[in-house]
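The following pair of complexes shares a single chain, chain A, combined with chain B in the former and chain C in the latter.
And then the complex of A and B:
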């Protein structure tokens, strides 16, 4: 094969590669990039949904959200969810994954894996009715059992201090199974020889977990953490079906507030400005995670 | 070189991820509308010669099939016309308006619309529907029908003296009570015209200290709360449509409700499922309309177990009504055909089918007091119609979406004990004012 021919062939391959990438790029352009630019433009406008007219208003939408206590509450709640839901989902997922890895006989493992993964398969809207019944203050199941232990009634959905915790419980119940599955895939790749060697050298279960399992499975754990953090930043469904953001604004996330401004008040300008705020927040958090990952994620 | 490419690639990937997340966030509620169901009564969408009319309806599959039957009758007369029905489940009326606007902007504006009272002012204000006065006065059946509707219902669908909708069904609130609990406690059944004080005393007497029975079940929802201020002579707006969320009467009403919550006469209004609690004998009294009757009878309640009475009175005898009406889009594809389709939607047959659906109260006295349609449970079932004739419409100004969310939030603040009634309503008033600019 002469050098010229090779070059031409390479060009052909490159073209083919671009062609293969084209559909997803068009999708990205049409469904992500252009809408994001449109949201950015709308955030500087007063947009009338009914007439389709828009007038440029400069930074007034941003001023409005920054001076509105409700956006700040929603922002605080979102950060709360981001920290606790991602720790909860990743942590519980990791613990479950270790428990169903190879401690028990294989058939029992498969049984428990299915059980723990099951919530991820249920549509939240259906199970929310059951969870609401669990969380009822005066006739709920959870308060009934707490009562047997002498714990007085907890206003899971009706007290401002507990509503976020109720959402957290539902969210972890729903999503930890998926985290478990992904981390489990990482655990299955851990060399059993290493664990045995460590055991012979006198490492206890916790040491083996801390010094061998976590570092070796760290790429998977990192991936799951990123997924959970971005999921928690966009948390909507778990809140919508359980508390609707209430009582008051106590469990409302930024995305819920965006939906309310956009689709109930039809204030697209403010909703867009809030979306840009969330975009910046997501960008910052993702950047921190990537930078921070250098210290604890080990790629082989 | 290679590592630089890798870095660039990683950066691009990270960028893509961030953007995809942002895109998801701005479409956060899209999944709530994904359950829309569309159906076409005539799927063979013509050879291009027939006109296509679009119906925007709301409700469950029952309402959808009732409308499909009406469309079928319309098609007997006009076989060449294709009618497409879009039926959406409604939890919030602003979602319904959103759907409407989406249809309009994509060139598929609905011609005939079943509109909730909550969204009527919003639709008129934004020029989405047309007045029906000339159409009604020029048609014998419609003129006669208009005379049968409750006056209050027509008022609800009129703006500036012009009628915009022909009611298809309505809803109200009366007080249901558990007869056995009254008998056991030796308390006489309440009668129409009873007062808040009498209500309070009875509810307190019937509440058991161990928490097994509550005297009354309060549901913290916009419609369900409304009779508590209409019966106190208060309302969320004044006659000009300006918000009066923190008026004296409103504060008094909310303070009364807060007292019921604090004294544990009602279970927690935010999380409790009061209708199930009533049918399982955990509540002595609960407010509802017709929509609960089927479920309660399925749960085994009979005329011996419960009955209803008008809402207790503090200043005036009143309650709340809501409902929906068939309206005509501003610029229908074909005005004459759309009018005929509208007439089919309010024909006697369609109305009877809607009434037999069991959820709504029919909008005319003859149907609403007909035992064959309404059933005979409870004994005082005709009280539902009486309630409609004395009621005020659910407060639905052009800024209904903002009013509803802000006010509901304020009530949650009160019931969760975060704010006292005056402070919560003051805050709500100023939030609504700033939202409507």
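And then the complex of A and C:
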């Protein structure tokens, strides 16, 4: 009797479990898994826009992107952004987090935290419009202030060598506050007694930072680094507004090229091959970071 | 290091004063663009971009409201953009919170066949950004007949396809972490009272999860409010665009910002600022939450 009842209850629970888990799982199948597989398949095909037919062409799309100077430039730029934006965001975020952690009175810290974080809440599109005005060569205020220090005009958005740096500056200004807040969560777990003991033992602020704060907050720093790397790999809006990918292709990212190939020239095959390249990059980076973390991340 | 000065009867370390000055300078860099755009939006164009830059707005009697008036006129569908943004973000947030809570509960509290495999797949999905799948998503939305409507953006976004890292599968993970922390006794007590699993979820578990749900909602709403890429690809008609995409769609190719854009940026940032000032504690808390659980 009781066994039967238990069995019936289990059946009811299992039904409920599937009922609860299914909506998100179906959405995931339809909007993530199937699209990824379809991109993979399309990357081996040539799509004809007029007939809507796809023909299997093997690796030709991949050969095309590997022999195409524009794709390689976009790939190189994306790697450049990924390395510098993620180091910049995580580094500045860490410094900000230490500054606003608990050196000054709590009210002061809360105030500065909010201000540093505010840019992260605003849409990248909007702040890019402002920074575009700042970066102008002759009417921009950045060159004006540099000029006061005797530095000659920099073609932030108009020279091939500076366009990526302009994007980097905007990216760090916009996102460092977010990194700060996430790292702060880790710093708050650092035992303050340990820091005081180190201070009594004569450790200076930089030593305390390097030997105590960084190792103890490393899980959070690591998490933020992953987030920044995967974020930087998909960099798009800021470049689109600031430089439109130019001058030439000097600031164009992989995602900009995917959008262009896919939705301007409707070359789905090549766009899909580029998407797979992006996916492989993300997978490699995630893998390296997880393996690398074993050596330097200190888990409690 | 431990030199001290006296200000208004307080004893303050000199190093703290230096630190406060540095922090104030950084704070200025963080808010300067917003100060500038506010000041620029109230001036005629030539004056707005003239150097040296004017950080403070002109005195109210000299305010040039022409550009704001243009935004309120029929020539620019600013409020249509805003309405579209509000609609899309609300639908995405509501959808995400509902299925995230349901799935998070299922993965935390039930045993069922394929559970670990399903959960593993979802967590892998956190890695795949929309930029990778956009070509197929576009074709799927065309196939479903919803391309060029807000559903082409909201449907995939509800399931986190457009912002996987923070607002997608992550939401399920976050809810699962919460429900894992709820003691088992509560489920057993509810079962003894004769409540089935569905009633237990809605009348016992969900009310307890209020603050985690609020955190999730804030994160998802912010990210979908700011989303550019998906809307840019999926929607063509100007009157259906969201705020970030709509404002940029008004500019000529290779143009730089003009005063109407500056005014639009001001109007778009003000709601964010108000929400931030009111909900600051919540927002900071929910973002920190991401850091701890991640």
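Note that in this section the second predicted complex is superposed on the first by the 274 of 300 C-alpha atoms of A that agree within 3 Å, B and C clash if a C-alpha of one lies under 4 Å from a C-alpha of the other, contacts with A are read in each partner's own complex, and residues count from 1 in each chain.
Definition applied: contacts are C-beta pairs under 8 Å (C-beta built on N, C-alpha and C of every residue); 3 or more make two chains touch, one makes a residue touch a chain.
On a predicted model such as this, the values are computed, not experimentally measured, just so you know.
In the superposition on chain A, contact is made by A:31 with both chain B and chain C.
Touch criterion met: A:183 reaches chain C, while chain B stays clear of it. Of the two partner chains, neither chain B nor chain C is touched by A:80. In the superposed model, A:209 makes contact with neither chain B nor chain C.
Which of chain B and chain C touches more residues of chain A is settled by the count: it is C. By the touch criterion defined above, A:290 reaches chain B but does not reach chain C.
Touch criterion met: A:16 reaches chain C, while chain B stays clear of it. In the superposition on chain A, A:104 makes contact with chain C only, while chain B stays out of contact range.
Of the two partner chains placed around the shared chain by superposition, chain B and chain C are both touched by A:259. Contacts of A:137 after superposition: chain B is touched, whereas chain C is not reached. Within chain A, the residues touching chain B in one complex and chain C in the other are 28, 31-33, 35-36, 39, 132-133, 136, 139, 230, 233-234, 236-237, 255, 258-259, 262-263, 271-272, 275, 278-279, 282-283, 286.
Residues 28, 31-33, 35-36, 39, 49-50, 52, 132-133, 135-140, 155-160, 230, 233-234, 236-237, 240, 246-250, 254-256, 258-260, 262-266, 271-272, 275, 278-279, 282-283, 286-287, 290 of chain A are the ones touching chain B in the complex. Interface of chain C with chain A (complex): residues 16, 19-20, 22-23, 26-27, 29-31, 33-34, 36-37, 40, 49, 51-53, 98-100, 102-103, 105-107, 110-112, 115, 118, 121-122, 125, 127-129, 131-140, 155-156, 158-161, 164-166, 169, 172, 191, 196-198, 201, 222, 225-226, 228-229, 232-233, 243-245, 247-248, 253-254, 256-257, 261-262, 265, 268-269, 272-273, 276, 280, 283-284, 287-292, 294.
Contact residues on chain B toward chain A in their complex (touch as defined above): 14, 16-26, 28-29, 31-32, 92, 94-95, 97-98, 101, 105, 126-128, 211, 214, 267-273, 277, 282, 401-402, 404-405, 408-410, 412-413, 415-419, 435. Residues 9, 12-14, 16-21, 23-25, 27-28, 30-36, 38-39, 42, 96, 99-100, 103-104, 108, 112-119, 121-127, 129-134, 136, 139, 141, 144, 173, 177-178, 181-186, 220, 223-224, 227, 230-231, 233-234, 236-237, 241, 244, 255, 258-259, 262-263, 268, 271-272, 275-276, 278-279, 282-283, 286 of chain A are the ones touching chain C in the complex.
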